[in-house]
Every structure is written in C-alpha cells, then in structure tokens.
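Quick heads-up: structures coming right below.
Each of the next two complexes has chain A plus one more chain, namely chain B in the first and chain C in the second.
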Partner chain A sequence: MASTQSPADSKVFKFVPRRFVPEWLGSPWAWFLTRKLGTLLLSFAFLVVVTFSIVLLIPGDAARAAAGPDASLDVVEATRQSLGLNEPVWRRFLNYVGDIFSGTLGTSFRVGTVGEQIAVRAPYTLIVAGSAILITLILAFVLGVGVTVLTRDGRRAWLAQVFSWVTAVVDAIPVYVRGTLLIIVFALSLGMLPAGGAQQPSSFVLPIVALAIGPVCSLSRIVRREADSALQANYIRTTDGWRLAGRTVYLKYLLPNVVTAALTLSGLMLSGMIGGALVMEQVFSWPGLGTSVVNAIITRDYPVIQGTILVLGMVAVIINILIDVALAAVDPRHLESRSDS
Partner chain B sequence: MRKRTTRYGWAGFAAAATATCMILSGCVAAPDSGSGAVKARFSADPSSFDPAQLVGSDDYYASRMLFDTLLRYDDDGEIVGGLAESWDFDATGGTVDIAEGATCADGTPIDAEIVADSLNRFASPDTQSGSKILVFGNGEVSAEVLDSHTVDISLSEPFSELDAGLTMVASGIVCPAGLDDLDGLGAGQVPGAFSGPFSLTSVTSGVEYVLELRDDYAMWPDFISRLDGRPPDRVSFSVGDDVATNANEVLGGSLDLAGVSPTDTERFPNVALVYIGEQYIVFNQNETSPFQDEDLRRAVARTLSGEAYNEVTYAGRSEVEYTMGDSGMQCANTDEALVEEYDRDAVQAEGVLDGVEMVYSASNSFGPNGIGAEYIYQELTDAGAHVDYQLVDNSTWASLVLGPDAPSWDITLFGTVNQTATLWTGVSRIMGTAIEDGGRSMSRADNPDGEQLADEVMRSTDPDAKCETYQKLQENFLGRVDVVPLTASIEVFALADGIAYEPPNSRMDYTAVRIVD
Partner chain C sequence: MSVTRRRPRGNAVFWAGFLLLAAFVAIAVVGPMVFSDAANRINPLEARGAPSSDNPFGTDGFGRDIFARVVTATRLTLLLTFGASLISFVVGTFVGVVVRLLGPRLQAAIIQVNAVAVAFPALILALVVASIMGSGSVPAMVAVGIAGIPMYIRLTSTLAARVVNEDYVRIAELQRVPRVVVAVRHILPNVAIPLSVAAANSTAFTLVELSSLSFIGLGVQAPDYDYGRMLNEGLAEMSGQPWGVFGPSIGMVVLGLGILLFGDGLAAMVDPKVAVQKGGITRFVEAVKAGRTQSDAGAGRTESAVVVDKLSVGTLSESGERSTLVKDVSFHIAPREILGIVGESGSGKSLTAMSIAGLAPIGLWRAARQVRIRETDMLERPDPSVLARTVSLIYQDPMSTFSPSLRMGSQLGDVFRQHLGWDSRRIHQELVDALSALSTPDPERVLRQFPHQLSGGLLQRCLIAQALLLDPELLIADEPTTALDVSVQADVLRKIYRFRADSDASVLLISHDLGVVEELCDRVLVMYHGEFVEELTPDQIRTRDVQHSYTQRLLDATLYFEGAAHGNGDR
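Coming up: the complex of A and B.
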C-alpha cells in the first residue's frame, strides 16, 4: 500500500545509500514511528528540565517544612544538609537525572522513594482516568452517531434539540461541581454510593462518572457534527443508490470517516482528562497522583512533586502519540502529516 | 460473517475492558465490616512513625496510639501516670518509677533501662528532634537507670515544665527493637518498637493506615478505662484533607470519625471538639520594625476582637483566650482586664495606625480559605495602616517568620500546635533565646523584666509559686502588648452513630475512641 517514493524514503536515502537501508526502514510507518519516538524523547527531556526547574520557583523553605515548626535553626540546617538542599543547582540536577534513570525517581523528603509512592497511587488515578477515557470514547461515538442517524433528514427534531441542550449544559459544568452534585444525589440523598475515599469497590463509580460525563457530552457533540457532515457526503449518498443496508453504510462507511476527525480532537480532550482527574481527586478524597502532588506541594516534598509531574506529563504525551498512531492506522494519510493530535 | 465478528469484537473489547476496570477497582480496596473496626481519616500521610521526628498533626495522632508516654493528661487536664507509676521532679529533673506490667508489642517488659535508652536517644543532639526543646528545655539531658524500675532524669538547664513535657508523644517510649532499626522505626515497619495500645499492621502511603489493638495491652490509664463502650479492635485511616468530603463520608457511612468544618457541625448530632493550640498576634520588635513602638502594638490590639475572630474563623465554636493558652491550661490567665479593650472606632478616630507601613505575614490555614488572616488584614487597613500583606501557605509562612531573617516581617498571625498543653509552648516564642541564636523566641523584644520572670518560672519547683510567677509574667507581656491573644486553635470531629469520643484534656487522642452498642 505504501508508496515507494514517499517523503520518508527521500529523507532516509538522502543521508544513507539505499543498499545499506533495510527495506522496512524505508516504509512510511518506520519514518512515522521514528518521528513519534523523537517527539517522545524531546518531550521527556523538556519535562525533565521543567520539573526540575519548577521546584526552584516554589517559595518557602523545604528544610523548615521537613524539620517542623518547632525545630531550631540548627536542626533546620542539618535537615537541609541531609536532604541535599544545600548543594549547587547543577549537582542537584545531575542527582535528579540519575534518580530518574535509576528508576527510583528520587527519595521523598518524607517517606520512601518517589517511585514507590507513584507505584501505589498511580493505579488509582490511571484506573479512574483510563475508565473515564474508555467510557468517553465508547459513549461519545454511540451517542453521536446514534443521534445523527435517528435525526437524519430532519426526523425527530425534538431529539436533536434535547441532545444539543443537555450535552451543552452538562459539558459547561466544571468537574468539581459535577462531582459535588453526584455526591449530593447518589451518596447523601439516595445513599447508593460512598461519598469519597477508595476503601470500597463502589467508591470508584462516582469519580469515574464525574470525570467522564463532561467529555462524553463534548465529544459526542463533535461526533454528531462530523457524522452529520459525512452523511451529506457523496460517498454516503452513493451508498443509497446502491441500496446498501443501513448497518453496512453506518459501520463500514460512516464510522471510519467520523473516527478520524473525532480522534484528532479527542487526543487533546483525553490529555485534559488527566488534569481533570487531579481536580476530581480533591473532591472525592481520592488517593491518586493528584492528591499526592498537592500534598507534596504543601509539604515542599520536592522529589515527589518532580517525579509525579514528570510521570503525569509523560502519560499525557504517550496518550497523544497513541492517538496519532491510531489515526495513522485508520487513515494512512496521517503517516505523512507532521502533527495530528 | 467477518463483519459480525468485527462488530462483536469491538463490543466485546469494550465490555471486557470495562469489566477489567471494575474488577481492578474491586481489587484495590475491600470494605471492612468488622464490628470492632473504626474508619477514620488522616488529613495527610504521617511523615514518620518515629516519635522523635514528628512534624505534622497526623504524625502526633498516629504515634499517640503506638507509643505510650511516661505521663499523660487525664480528662480533667491533670497530669497522671502513663508508663510511670510515680514521679518526683524539680526544675532540674528528678526520678520516675516505671509501672509494673508494661510491655512492648513484642512482649519485652518495659523497665528502667528501656525507658532511659529511649529518652537518651530522643534527647541526643544526634537525633535532632525538633520537639526536644519542648520536652526537656534548652539544656543537655541525661537519663540514668537507678534500679530496674527507676530512672533519674537530669537537666543541665532548669525547666519546670518537665512533667508536662513528658506527656508529649514525641517523648513516647520506643522499645529496643525500634532503637535497633531507626529507619524501620520511622517507616513504621518495626512491630516490636511499639509501647502503646495499638500496633501498626498495614501502611499504604496515601491510601490507608491500619492500626490494630494489642491483645496483651494492659496499661490503660484509669480515666480511659472508665470510658463507656469498648476500644476498637482495628482503626483504619484513609487519607484526605477536604473537610467537606469528610462530612459527606461520615453522613454517608463510609467514615466513622473525621474532621469537619466548624461551620458544618449542625449536620451532625455527635461532634467532638479538639484543641490543637492557640492563635495570637505576634509583633516582631527588631530594630527595623514599627512595632518597637508599644503604642502601635497597643493600637493593633484595640482594633482586634477575639470574639469577632472566633466568629469568622470558627463560627464562634472556639474559645476566646486572654493569654497564650486556653482557660483550662495550668496557670493560664483568665482575667479579661489584662488584655487591651477592643475599641476599633477609637483607634480609627485617633489615627494612631494611619499611614504606618508594615509587613503582615500570615498563613492561609486559619479558617476557611485563610479568612482568619483576612480579618486581621481588614482591621489593620481599616485603621489606616499601609499593609504589605503576605498571605501564603503554612510552609512559606513558617519559613518567613521562623527563619533567621529578622526584618522579613513585622506582624504575624501565629498558631501553635501545643502538644504539651502548656503556656511555655507559646511563651517561649516571645521570651528566651532568639531563633537566630538557637532558641524559639521570634519577637526580638527587649524585655528584661519578662526574661527575668520567665527564668523564675523555669526555676520554680512549687506549683503554686510557679503559677504565681506565671501570672506576673502574663501581666508583663500582655501589659507590654508583645502579643494579642485571639482564640484556641480547634478541630471539630464528626462522629457516626455508635462512636463515642471524649478527647482527654480536649486534646486529640484516638486511644479514647470507643464503640458503643
């Protein structure tokens, strides 16, 4: 399928004689994945520098925070020394990079290594964010395409209106307000679900719903608009002439074309959901990375701040790269574009 | 056929993924339905389980359950024996007789040697405990074994608050297993280190801490033994600092006991009030500060109302104070006449503070969104002062006002965490050795009379004489307006049905939580 004279080919063979390059390396996929790997590495390097730098800007004395308000200045100074805070910035940066590549991500100023803390807390954030992302993708496409099909050619105008209003209103409510409303209804009024914490399996329901419901609404609106445009396209109208079954038309011809455009936007949206998860964790006292980093900022636990933000940043970058890969798989034209999601 | 497989494949994938998520969710935590279990909440992860290295409130609360102290406060605020059966102290130390029957969690009997080793390690300069100064004062400390049940404690500098200091959980007795593995002690991983009624059986940082009642524990003080109900077999603490969520969870049944906002108490039939410390205004009297001028300090005091502060910060539920301690504290002044009379209109009319430039540094931890600090700022600006207002979080604030840089602030809203429940915790912030010289005093006041009285207090041996001197000292610093007392720092805990909790001496102590049937 791939053209033998793709831009990727010309760039590779400009520097290396053709006979030294394996056949697969000249494919558009190889060039595409190389670019994405470069993006990943550059993003990592950028995040390492940024996460190291931001703690230098945080006001307050981490040694005083670690030693406690009753500690004398001698104790504070000894604490500063034991935490390595009196070392030159360049040496602290090298230590930080070393800690990253050692896998520990550094030692917390309070308890254990940063890697251990992230290993404990990340599942809570990733399960909620991952579930919300999955629910968002499924429901948004089902709702968006479903409403488009049901309201095609002006049918069920009321449904179009209701869908438009409801999704707009729900999407406009911030995640912390959505969370609070869900607590009031399902925890306090109906007593069906816990109001917070993560001590029971049912504790996961409200945070996931609070996080997913907004993106479901916004993405389903996009899907619906894309599906509506696609239904007007000649290739769909041609299927009418061929008398193809509705399911075939919608699943084989409509959905792939809707997916491409919607996925592009969903990359940004899903990265945003990681940020939303951090806000949600405060509302539900959720023991994830968000509450971890907030507590670390309060207690000036620099290694935890750096390590957690680095991991969250990399998760967001990886999500975007995966979306790009998915787009390229659905539509090979994306293999040659420089940037998608 | 192929199309159908593809379609069901997607649906199957989605269903499987969702199911996996839910199953994984279920695996992370399981509910505890044991009838002897209590579910409570820490506001933050304890930073250490080594009593000598405690920093935050939750550190103290956890260690109170794990380590017994030689002495403790009872429900009337009197100092009674903990691990100590009797004691005889003067200003430079004294002897302690260890009670029979006390054991470590690993069964080791607690004798004089274990107590002396624990105290010596706590007080050692190598340990660098921030709490040592509150337990033993500024000087050197030596604990020696006189016989298997008696320890002699010697202080190189007089410190008449030794008995109160030994109620502080930082001085809790660490058993030999803990002293042999200090890293493990700090991480809570040495079961044999514990001398208190509970053992730490599970730690999942940020998620849950489980403490279980020791079967062999028999050292309950009388006042706790008399409490109605039974102690919980198991206390599990989740972690979260949002008081609104705490309130919702207590109402929803997923928590039995948790801190809530003072404004939220009407939602609960059962609440417990806990005193954390005190809040007051402290003036920096270094040479660059306008508050070297006593008239300005007095004017500030007249613009501030303890009642108004209590209302905005604690919805009126705290106690207005007339010294650097609450009314139940030993030797605390309760004479309202010693503090400046509130008259903000007169101060504004007189214009004493008009145009006075000052740096006001405050933490946003006083009241919802720092409203306590905001009240002070508002009154100062209303009185005409030009205020450089630094409202920051607790860590930044502590770095500013407790650092060596004297001119960095002029006036601050100070809050103590008064673990010893003594006046000295507050008084030592305005008397004695300055911070930059290794002490605790942050006021840099030139107050030789006060210093003399503070020295006399520390040398007192007779309780009545000590209180008499303390009263003179309070008259001194309140008369000079070195501080402006406001209220007690409090936390309000909501209790679920079936939970009884009467904090001894109004101080946080989870060992007094009881399950009532």
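Coming up: the complex of A and C.
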C-alpha cells in the first residue's frame, strides 16, 4: 500500500537497490535512530568545542588565572606547562580530544585524572537525578490524569481549585528553598532523615524529594491541561459508543495520548533537572558532580570544570534523546514527523 | 461567551502581578536608604535571635536584623535579574531577527547549532560562563544572561519566520525595501507582543537561576548580598539559627510569584484563548436525567424495531433556563429498513441520533415518551454490554475517530473483549473474516497498522466490519461519507448497504446530501430547526413531489448541480 510507505523507505532505497537492504533497515525505527545518533554526535561536538574554549576565553593570562593571583612565577609557569598553554591552539585541541577518548579527560590540578574523579562522583548525581526524573514522570501523570478524571465535567470544582493553587505555589519555590525547607521540617524538627551527606540509604530521600517536587507540580499541570483537551477528542467519544469501562478508556485510550502530548512539551524541563540537581547538591552537601564542579570553578581547576561540564551536558542530551525514543515507542507518529528543534 | 466572562480574570491576575512587582521595585528603591544601617549593624549580643517585634525575621550570626537585610537585598536581586534578562532579550532577539535576514544556508546552520544549545540546561551554560569570568555579581549576571540567549534566538526566529512569509513582507521585498528596514518596520512590531509575554515568563527563571548561582557560591560575594547569598549564609548557620532562611525564602517566592502572575496575566490579556485554557474547568450544569413525559406504552407499532416517541433535547443554562434544540420528534424504523434524516448543519439531526443512542453530550436535558430499540428501553439505564450490542455507530470524521497511539486491531477488539467475552485469537480471526467479507485487501495488515497509516475509506470500513460482528439492532451512520473523497464515498455507502443485507438491523443514516439519501434510504425525514417537517420516499425526491418550502430549497440546490452535470445528455 503506497500510503503506508514511511519516509525511511524512500531515503534508503534511493541510494541502494531494494534487494541489498535487509528488512530491518527499511523500518522507520532504523531511520529514526540514525537521526537521533546524528543529534547525539552533533551535541557531543558542540560540547567539546564549548568546553575546550573555556580555557581559551579566559581574559588575560589563563595560567595566571588558574594558578591564582598569589602564585609565584615558577608555579605559573608550571601551570602553563600542565595546561599545555605554550603549544599552538590546534595541538591543544587535539590533545584535549585525545584525553576525552582515552577516558582520562585530562589531569586535575589536585588529585588524579578528571576521569577518575568523575567516575567516583557521577553515580551520586545520576542516581538522584535519575530517580527524581522517574518519580516526576510517574507522579505527574498519576496526579494530572487522576485530577482530570475526578474533576471531569465540572465535578469536584474544589479539587480543581486546590490542585491549581498548590501546584502553582510549590512550583514557584526554587529548588534550594524547597531543599532548605525540607531539611528544616524533616531533619531538624522531626529528626526523621539526615540533613546532608550520603552516608546511608535514607540520605537519598530528601535530595530526591527536593529535586522532584517542583517538576512534579509543573509537569502535572501540563498533564492536566492536555488530559482535559484529550477528553474532548473524537476517539474518546468513540469509546463511549463502544460503552467501554472507564478504566479501559482512561488507561488505554487517554493516557498514551496525554503522555505524548505532555512529554513533547516538557522534554527540556526534564533534562533541565540536571541543572536543578547541581544546586540541590549544594543544599545537602551531596558528594556528586555539582559540588565538585562548583569547587573546581572556585579553585580554578580547569580540567575538572571542562570534564564535568562535558559529562553533565552529555547526560542532558541523552535524557532528551531517551524522551524522544519513549515518545516514538508510545506514539509511532513521532518516528516520522518530530523535528529536533 | 466564556471568553468574555474569563477576560476580567486575566486582568485580575495581571494587576495582582503588576502590584506585587511594583511593590518590589518600590522596596528596591527606598528600602536600602531606610534599612541599610539596620541591615549592617553588627550586634554580637543579639546574634542568632528568634523573631521578635524588633527583628521580625530574627537576627543572623552577627546579630544583624534579617528583615532589614532582606529588604536591602531586594535592590541587588532585582538589578541582577533585570540586567540578566535584558542581556538575554536584547542579544537573543537581535540575533533572532538578523538570522532571518541571512541566506538560507547560513540561516539553517545557525538555527541547527542553536537547537543544540537550547537543549542544554541553562544552569550548565551559566557554569561555563562563570568558569571563564570567575565568580561575582556581574559575572553571574552576564553568565545567566548569556545562558538565556539561545531560547530567545529560537523564539524570535520562529516568530519572525511566520511574519517573513506574510504577504506584506513579500511585497516589501519585491519593492526592494532594504532588509534592515523590513526588519524594523515589519518584523519587530509583529513579534513584539508574544516576545514580551515570553520575556515576562523567562524573567522568573532568570531570578531563580541567578539566585541559584549566588546560593552555590558562584554569584554575589560577601560583603554584598542578594536573596540567594543570604540563603547560602542562612543554610550554613541553620543548626544554630533556623530562622535565617525564612526571610530570604519568602522574598524569593513572593517575587517569583509576582513575576509569574504578571506574565500569565499579560498572556491572558493579549490572547484570551490562553485565559480560557488556564481557567481550566468549563462549568457544566449537571445533566438532567432523561425524563419520561408520559407513560404511554403500546403506542409504538409492534413491527417496528426502533420506536422514538416525542423526543426533545435541549440545553440548560447555568441559571436554569431551558432551551430546546430538538422538539417532539417521533419516528420508527422497521427491521432491515434504512431511514434517512436530512437537514442543514445545526438542524439537530446528529443530536437526535446521539440522544437515541444515549450518547448526547453532558449538560443537555432529554425528555421523551418512549425511546425503544427492540426490547431495550433506552430511557432506562441499560447495561453497557446490552447497549454495546444494541447500537453501533459510524462517525463523520474517520481520521479522528480512532486513538492515534493504538493499533487498529487493538482498539477494534476492545468492545468484543469487554462485552462479548471473546479472547484475543477469536477477536482477531473474526475481524479478519469480517474485513474480508467487505472485500478488504490484506485485512491482517490493516489490523496491525495505526490509524494514521490508513485511508479514511478503510477506517470507515473497519467500523462497518465491527458492526457486522456486533450484529446490533440499530446502526447509526452520522454523515459517514462527508469527510471522504468522492471516489470513496460510493464504496462506503455500498458497504453500509451490504451490512443491511447481511443483518437484521435497522439503519439510521444522517446526511445533508439528498443524493446520498435518495440512493440508499427507504424513507427520508427532513429536519429543520429541530423538528421534522416532512417525510418522503425516494421516489418523491426523484420526482420533486415535496410540500415544505425548506425541502424545496434543499432539492433545488441538488438538482441545480445534477442539471449542470447532465445538462445536455440523457441518462
């Protein structure tokens, strides 16, 4: 059937005769994943250039800036050596790329290679950010769809009001204020949970909650708006005609369409939670990448800054791509149409 | 109507935000003059004091009044926030407009790179700038300002792209008006309003990001202080002075709320649609239960499969006023009969049909002496399983009839799974057989596909196949061919005809097309302003043997086209 031919077909078969192309390459997924790989590589290149240019763009003498105003000339020269500042820019760039691909990411001014430091700290950031994103997704959809269903056709108007106000106010509180308030209530007043550090499993609770609660509010508002308009859609009317049970209608027909609509709108918000994680780490003295990159900026440990920002940026890019893949899995129309912008 | 009703709400939100912001600006201007002494007076005897009448937010580790410090910090906080927003806005919109004036290649390249930059969290971009410029108030402002630029570039270039394609810009270009003049005269004014709404909203994020930088120690440095810096210091002393963080937190949250309200209100004033969306709940009046006007059983003819007696439907306003959309319609349909209802849009045909099926929109009232489909009394609340097997429906727009995210087989099968208790294998087999019976090529493939991969004609055929399997007493086809290509229309009508031949059901066909009705129906009812005005046979339509003037006009319209088509030929 001509109308069902995906764009992938035409693109692949333009260059190679049809019989040489294996079956799976003709599927829209192959073309979709190729495009996503392209996005990944382009973002990586962008980050490499941006992080490399940090040292390049430091006003004045970068070696002096790195060594600090009080450093002796010898120390400044040593710093210049270790940053490779006396070599031409193109060679420095090649060295930088080489360090990235060898996994060392350069040598910290203080201890060991940047790669080792990141390997030790990254898990703390990733666990908290990852769990917070998962919790956000689950809770926001449960809350958003739940409130929509409960307030359908103007029922329980009070619930709609409470929901709107509570989510708006909580969403207006920045992550570090939320974290601070959580510490006051749950650590200092009630003594239920540790106020900081990551010594025991219970230490993970408050950071995750502090990070997730804002995005839960803003995403569930988006979900509610989308669910409200999806309820007016013709395909919901069709399920009424089939007299399907409410459970089936909401879970099978409403939810997937709301998920795609809401995720399309909130992709940047979810990857932005990585930024929130960096701030949150400061509140809870969390031994993750956030505290290390902030310390590195204060102590001007440039290799650590470059490596950490590269890794954090890639994490954000990967989150974006995972969201796109999830969207395509839920709604196959996204395989074909969605542009990357 | 709801738009005009919500509009004042948008204004109220706007003024609430505006007043809050004005208050903060006033505090920023006057506050430091009045309070800077108290804010900086060190008094070790009163260090870490709890809130009191002298010190509403308590005192910090040096015994300084936290309230005075919050008031004083407002100036720096606002200055940095507005400064950073201004950097993002000016540079971003400038680049965004200029990009649109460049050649297509360069334009595409810049937009592609910018798309990558937009995908990074602003805080990470701000860290890059902060690590180049070091920490401090001005570097933090510049860092957050630069981090906000990609968003504005994207927004402006998207908005500008829309304007550039407008006719008046094209005409200006044809008249060789210089590009810069085009940008200033045409592009900027037209993107200004959406941009200012976006600017208000993004200023709220700027505030949070700036104070975040101060909070993590990369922004404002002691002895200066903004809200973020105060929170940072308050947090360090929190075990000894838990009150220290409340003052700056409150300032932070109220200021953020003010900016958000201002932005929301601005958006609502500019675009009333947004106000309605955000207002959220459309209030529906509680549906009036279907009322039986008079119990008069036995009135229907015994040979009729469908009996509708004096059905009225209408709306109920919030104040309780009733209006009537469908008035006292009565009709009956025999088994294997196709009854057509014709009329212009808004005449109440669909509403009549949907009310019979028990699917009228919520918020309407419905009353009738009798609505019966075979043994099922539709005025009672029949069991869903019975209903599902009693009435099947075909809708007007097949492309939106099905959920876009489910395969056809999955959604067509649910009704059998829930109401007939069939297992998946049986559902699949029966659907394949039914589609084959309607001479569908490759039915297995149709069931595997998603709605957007199928044509409108095929989608309608899926519903007809489903109806064949459900074997209902009544099939309601609501303008089933209106949204289809002319070439497919005849095929769908043929399948409905086929359905009638294969089952014992009655068919109610709704259309505004007399030609369709004449071909297919056994009897035709003409509906006008919610009432039946005339009952016709297909022969009467053919011979133009009609009484009512509305029917006459309908016929004139059709015959005009037929006359034009067959003008000088004999059939």
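We take it that the second predicted complex is superposed on the first by the 312 of 341 C-alpha atoms of A that agree within 3 Å, B and C clash if a C-alpha of one lies under 4 Å from a C-alpha of the other, contacts with A are read in each partner's own complex, and residues count from 1 in each chain.
Everything that follows uses one rule, which is that contacts are C-beta pairs under 8 Å (C-beta built on N, C-alpha and C of every residue); 3 or more make two chains touch, one makes a residue touch a chain.
Note that the structure is predicted; figures quoted are calculated from it, not measured.
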Note to self: With both complexes overlaid on chain A, does A:54 touch chain B (first), chain C (second), both or neither?
What the structure shows: second
Next item on the list: Name the contact category of A:112: first (chain B only), second (chain C only), both, or neither.
Entry: first
Check: Once the shared chain is lined up, is A:283 touching chain B (first), chain C (second), both, or neither of them?
Finding: both
Margin query: On the A-aligned overlay, A:256 touches which partner chain: chain B = first, chain C = second, or both, or neither?
Written below: second
Margin query: Going by the contact rule set out at the top, does A:191 touch chain B (first), chain C (second), both, or neither?
Written below: first
Note to self: According to the stated criteria, A:162 is in contact with first (chain B), second (chain C), both, or neither; which is it?
What the structure shows: neither
Next item on the list: Please work out whether A:204 is in contact with chain B alone, chain C alone, both, or neither, and reply first, second, both or neither.
Entry: first
Check: Looking at chain A, which partner touches more of its residues: chain C or chain B?
Finding: C
Next item on the list: Would you sort A:130 into first (chain B), second (chain C), both or neither based on which partner it touches?
Entry: first
Note to self: Just checking: does A:66 make contact with chain B only, chain C only, both, or neither of them? Give me first, second, both or neither.
What the structure shows: first
Item checked: Doubly contacted chain A residues - partners chain C and chain B -> 59, 65, 183, 188, 248, 252, 282-283, 298, 300
Checklist line | chain A contact footprint on chain B (complex, rising order) | finding: 3, 7, 14, 17-18, 21-22, 24-26, 28-32, 39, 41, 44-48, 54-56, 128-131, 133-134, 186-187, 204-208, 236, 238-242, 245-246, 248-249, 251-255, 392-399, 402-404, 417, 435-436, 438-440
Check: Which part of chain A faces chain C closely enough to touch in the complex?
Finding: 1, 3-4, 39, 42-43, 46, 50-51, 54, 57-59, 65, 151, 153-154, 157, 160, 164, 168-169, 172-177, 180-181, 183-184, 188, 224-225, 228, 233-235, 237-245, 248, 252-253, 256-257, 260, 268, 271-276, 278-279, 282-283, 290, 293-294, 296-298, 300, 302, 305, 309, 312-313, 316-317, 320, 330-333, 340-341
Margin query: Under the stated contact criterion, what part of chain A meets chain B in this complex?
Written below: 59-62, 64-75, 78-79, 110-112, 116-117, 120-121, 123-124, 127, 130-131, 134-135, 138, 183, 187-188, 191, 194-201, 203-204, 248, 251-252, 282-287, 291-292, 295, 298-300
Item checked: chain C to chain A touching residues, read off their complex -> 111-113, 115-124, 127-128, 130-135, 154, 204, 208, 211-212, 215-218, 228, 231-232, 234-235, 238-239, 242, 245, 249, 252-253, 256-257, 260, 277, 280-284, 357, 359, 362-363, 384-385, 387-388, 391-393, 395, 397, 400-406, 411, 414-415, 418-419, 442, 445, 449-450, 452-455
